[in-house]
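Per-chain numbering from 1; labels A, B, C and D assigned in written order.
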Amino acid sequence: MSRDNHRQPVVTLTGVSKSFGPVKALDDIDLTLSPGECLGLVGHNGAGKSTLVNLINGTLKPTHGEIHTPYARNRRDSGIRSVFQELSLCPNLSVAENLRICHGGLSGPGWRTRAREEIGASLSRIFPGHDIDPNAEVDTLSIAQRQMVEIAIGFAPRGSEARLVILDEPTSSLDAGIAGQLLEHIQRFCDDGGAVIFISHMLGEIFQVTNRIVVMKDGRMVEDRATEAFCHASLVEAMGHVAQQAHATRRTAEMLGDEVLTSPEGISARRGEIVGLSGLAGHGQAEALARLYLDSTSGWSARREPAMAFVAGDRPRDGVLPLWSILRNASISTLNAAARWGMVDRRAEAATAADWQQRIGIRTNDLGNTITSLSGGNQQKVLFARALATSAPIVVMDDPMRGVDVGTKQDVYAMIRAEAAQGRTFLWYSTETEEVCQCDRVFVFRNGTISAELSGAEVNEERILAASFEMQEN
Amino acid sequence: MSSLISRPWLWAWLASAVVFALSVALSGAGQAGGLLYAALSFGAFAAIVGIGQMLVVTLGPGNIDLSIPAAMTLSGTLALKAMGGEPGTALLGLGVALLVGMGVGGVNFALIRLLRLPPIIATLAASLIYQSLAIWSNRGLRIKPPVALADFATGRSLGIPNVALIAIVLAIVVWVLLERGVWGRWLLATGQNARAARLAGVPVESVRAGAYLSVAVLAAVSGYLLASFSGGAALNMGQQYLLLSIAVVVIGGTSIAGGFSNVPGLWGAALFMFLVVSMLNAYGFDAGARMMLTGVIIIAIVIAANARRSRS
Amino acid sequence: PAYSDTSDKRIALSNNYAGNAWRQEMLSAWRTQTSRAVKIGTVAAADAFTIGENRPTDQAAQIQNLILQGYDAIVIDAASTTALNGAVQEACDAGVVVVSFDGIVTAPCAWKVVNDFRQWGREEVEYMAKRFPEGANLLEVRGLPGTFVDDDLHQGIVDELKKHPQLHLVSSVEGDWAQDVTQQAVAGVLPSLPKIDGVLNQGGEAYGAAQAFRASDRKMPVIILSNAQDELAWWAQQDRDNGYQSISISNAPGIATVAFWVAQQILDGKEVPKRLTVPLLHIRQQDLDSVLAKTPKGSVADQIFSQADVEKLIAAARDKAVQRSQEASQ
Amino acid sequence: MNKQLAINKRLAMKKRWVSPRILLPLVSFSVLLIATFALQERAMSYLGLNLLFNLTVPIALATIGQLLVIMVNDIDLSVGAFVSLVACIAATVLVQHPWLGCLILAALVLAYAVIGALIHKLRLPAIVVTLGMSFIWDGLALLILPAPGGTAPTWLRALMTVKPPLVPMAVAAAVLIGLASHLLIIRSGIGTVLRGLGGNVRSVTRAGWNDTLLFALAYGLAGLFGVLAGLTLVGLYTSAGANVASSYTLLTIAGVILGGGEFVGGKVSPIGAVLGALTLSLAGSLLAFMHLSPDWQIGAQGAVLIAVLAARLLFNRHGASSNAIAQEATA
């Protein structure tokens, strides 16, 4: 599949700005993207990356400036495909039916067969060896599988050809193996003349796949250079963070307190320990954590001092209370502890929230704004604040760094270590090996059970990968 | 937040004021007091059941209690039967009504929680059973309330109907609970996203149970008061409160999608629903035209209130 | 017609509503009369079937189920005059005798045991005309909109009012045949009304209207009463206190027993006119105490018909029909 | 590899055919049907089946209408009043002035579509708007027919009393309604998009669909089924009245849920809904055959409804209710 090699760019932005009321999300952006380019878009949480994407694909209209997409024939078929940051499939439809939604050409008798073939082919092309049934309803799939489906729909031909595919944090729920498959496909796609905008907070991926990087900061483009012109440190610096290479000082059992927790699956944790859960995505880690949390707290009564706190990773499903302000979202878990006669202590509530805004750096000028006005990463910080503000001795975290930028990640790592030093215990599931390597001890999951328990020097990428895949290599 | 609260609050009251003015324009200013008094009396019953319905609706989509009329009938019937018209038994009757309310609420919640029935079906099916119970217990006989109780229910203090005073006190209590109470926050959180609320440490099961118990108890109290007010319980008592309770909740500005409730607006809507029927009666519309106008007005208010909200 | 024994015949009652005292009394009248008849072997069975709400769709389904069960006759208190005709026709086609009463059906194959609701409406206005020869303002409380009883009674009132121009119908409200609804509707409309001298209604809601008037500090108007015990007791009390005068008109729930015996007579091979009018129940002021003594507290005054009563009714109707046809042929 | 794929494909097909959404309605219907036959063998005949089910035809149609609205996450509290209004028009205007009648009915379908668009465009709560609409439909019906009456057009009466060979009209109609709505809602492309609307509006609009038009379409189709329900109702009952179908509102909601549908998320099953409607009327018949005391006949209906729905617990352990957080999390 080779395209006629137009020199014409796929999209051109000139002087584009976008405001949400008083918030200026994008300021005077000029950007040109040519066929064959893979553009990396990086920046801190709330820098405006998603907003830029939504302008390019037409979901939002710019406040000022112009966006030119020469290949657009109509809105349904502009050759521009987006894979959104929040999953946007119809959960009640099957994988093939979801393709039908964005593919008007699928109609008439037999469309189901054609849809199944098309999505199946696209999935196999990008993720060879995947086990997704095109007839499966989306809500029976794991979050990683859904993300794969969405990516496959983005790259599927759908009657015409995809000219520009925009991927907004596509790997945030994927494990390393699957993410690698995606990166390879992106490379092939660009070699064939397609263009890609790739947003990620995982700088390794950015370096691996892109040939040009745009750095955004507070709604402006601060850098736009070829990938080779950056190194890891200079990129982090350009994003406005001081590169820290803080290395976890891993602690051993003797340095920690008594065992405070054991689960039926065999997870155990000591006082003050940071315990990681790892393995391929969707192998039972999230379920084990949720079960642990639900079993040790009650739906019938709330204690003033909860036994556990939970940090959700799937924000819309498990975390955010969308009608409420940032303040109320942050304080919901601590209301009971500060209450007198069942009444909310509003002064204490405001003070705690302001304190945590400081400590965790939630980017907003008013905690009274609704939570949905925050960018994805900042919403995540609110969920962190919610859990850490409680007095719970154990904090359970379900892949909590999804969409958190590099700088904030370092801050949160530090905070977790500080809390752990004061005797808090953390259970931390993550799809990213880098995070798991912050832990004192790691349980690797495979097919819903623990396949390895690693501690001390054993906690490293090779051992984790080995434990994740063992059976499959046999 | 405050702007969100004030808008729907405003619309229900504005609508009742307009309707009130139109009625008074017809009957003359001299009758305004009488109309207001009647509106407060009958609005009180709608407000009491409406508060209960509001708590349940706030729990989120699909939560609704269709057993309100049956609970009212059962409570009115059993309470009046227990009192048997004897003087000095008013508290006994209230006790019976409260017990009925808790029983009904408990059964409803058990059906929803244990059998996992959708609330709309669970409460509908259960209400048929409550209705049978009411028929079986009393065969539709109308027993008079004790004289003192009847006098209290139809009487007034400080020029305000006693039933309205009760409803106002109940509304204030619930309002404070929702605005300032931990339980209120928990209810609102559960209504927005029950799963997220549970994971944030909210005891969602007891919040739910509380809401379903509250609506049943409030319906039972309202049935007890209504039976005393209208001189006896009847098997078809309270039928109109099924749709009325839903209408006052939503016209009052509570979000049917859950997570947001509005007590002051609810009272405005309760007055409105009474006043609009009286106005149409007074202007001499026949049943068909009256129903159509009621429908048009309800939709117009919902549009007006919502258009305001989405524009801001 | 040849003599035929009905001891092996089964009769069913299809009732569309049970939610008020009138219906409860009707069911209990049916129970007492039919259980005797079954015990002494006049019929084999007389079962009562009730549905929840006043809904023709449910009742049509119920009638079809009764056909399936092989009843010989179905006695119907119908939710709709016309919407059951499909089901009634099915029954007639299957050879089932259909007798409707109170709420009747218009299907030609069904027997109708009726109260004259227009007559009722006319009598209400006649009484008002007698009480207020100089003229009066009247308030009408109607029943459930869209039902034929409500429509008929209202027509009777309207017809008769044309003859008495001194009577002014100043407003009419819907009471849905329920006291609390009536009380609310009347209380709502009262402030906009001039002085009210009389209240016309359809039975079952007079007490609600009285409550509304009491709360409004207006003078108690003349309210036409029905057979509900609490209304009668209220009337007696008012009479003792201030010599309150009114009349009570109603349809006795015992009409169900008429329908039962009519069905039995038809099954027995007797010739029964297709339409049988049962007189309305009038309670006069002087009989008030004796009626109240007989009526259970909270129930309704009733009149139960025995087989002999009904045979007499049938004979009278047949004679009248013969007379009429003779007049017509002359 | 190829073999594996083929097996997977066959498994998938099987899964689709015995979807749990339809399994429960099917089983509860069968159980009730067997119980009915056991109590009343007369029901097991051409005539008996027709008597048992013919009045369900309009309910089944109205249930599909309700399903279309529930499918897009709304609820329609005006079905009963709307079907009554259609019946009133069919029994009066449609007889006297057939063309005018058709025109009015078409306008009613259009009105439904407009309401759907309005609800969505202005973000109104459907439950209240349809509640308001039910007053309007009721009022219109009362204006047309102040007291019950009218007559069915002869062609409608003939259609509803037709006696096809082998299967009675009621059964044939139920099968037809089930299949047609299945093709429309589950199999067809546009049906899939409409279901997607219930699952995730944003994803549908992002794919370039005009959501307001889609909502209008869903409601318009619901209105169309409402009209069909009203017409068949008149054909069966021979006449109409302003509150002839008032029970349909709650019956249709119960039917959709009984048929495996859910209130949110666009998860519905048309065949299940038809079975649900049939099950509900069977439950009523069964009670009539059991000779309960009149005091308890009403309550028994509630008990049967609870029992049938509680059986869902046995079928889907996940629990369809929104309460099932714990299970969802551990599933």
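Assume contacts are C-beta pairs under 8 Å (C-beta built on N, C-alpha and C of every residue); 3 or more make two chains touch, one makes a residue touch a chain.
Computed from a prediction, not measured in an experiment: that's the story for all the values here.
Visitor: Which number of steps is the smallest that gets you from subunit A over to subunit C via touching chains?
Guide: Minimum step count, subunit A to subunit C: 2.
Visitor: Between subunit A and subunit D, what's the gap in Å when you average each chain's C-alpha atoms?
Guide: Roughly 41 Å, centre to centre.
Visitor: Once you find the CA centre of subunit A and the CA centre of subunit B, what distance in Å lies between them?
Guide: Going by mean C-alpha positions, subunit A sits 45 Å from subunit B.
Visitor: Express in whole angstrom the distance between the two chain centres, defined as the mean CA positions of subunit C and subunit D.
Guide: Centre separation, subunit C to subunit D: 36 Å.
Visitor: Distance-wise, how many Å sit between the C-alpha centres of subunit B and subunit D, to the nearest whole number?
Guide: 30
Visitor: At least two partner chains per residue is the criterion; list those residues in subunit C.
Guide: 18, 52, 145-146
Visitor: Note the residues in subunit B that touch 2 or more other chains, in rising order.
Guide: Residues 128, 131, 135, 195, 198, 204-205, 255, 287-288.
Visitor: Send over the residues of subunit A in touch with two or more other chains.
Guide: Where subunit A meets two or more other chains at a single residue, that happens at 290, 294, 299.
Visitor: Chain pairs in touch?
Guide: A-B, A-D, B-C, B-D, C-D
Visitor: Which bits of subunit B are touching subunit A when the two form their complex?
Guide: Those in contact with subunit A are residues 1, 180-183, 185-186, 188-189, 192-193, 195-206, 255, 259-260.
Visitor: Flag every residue of subunit D that touches subunit A in the complex, lowest number first.
Guide: For this pair, the touching residues of subunit D are 8, 12-13, 15-16, 187, 189, 192-193, 195-196, 198-200, 202-204, 206-209, 265-267, 325-326, 329-331.
Visitor: Name, in rising order, each residue of subunit B that touches subunit D in their complex.
Guide: It comes out as residues 60-62, 66, 111-113, 115-118, 120-122, 124-133, 135-136, 194-195, 198, 204-205, 208, 243, 246-247, 250-251, 255-257, 287-296, 298-299, 302-303, 306-307, 310.
Visitor: Would you pull the subunit C residues touching subunit D in the complex into a rising list?
Guide: So the residues of subunit C in touch with subunit D come to 15, 18, 27, 47-53, 55-58, 60-62, 64-70, 80-87, 89-90, 145-148, 150-152.
Visitor: Residue numbers of subunit D touching subunit C in their complex, please.
Guide: Spelled out, the residues of subunit D in touch with subunit C are 40, 42-43, 48, 51-52, 54-55, 59, 141-142, 145-150, 233, 236-248, 281, 284-285, 288-289, 291, 294, 297-298, 301.
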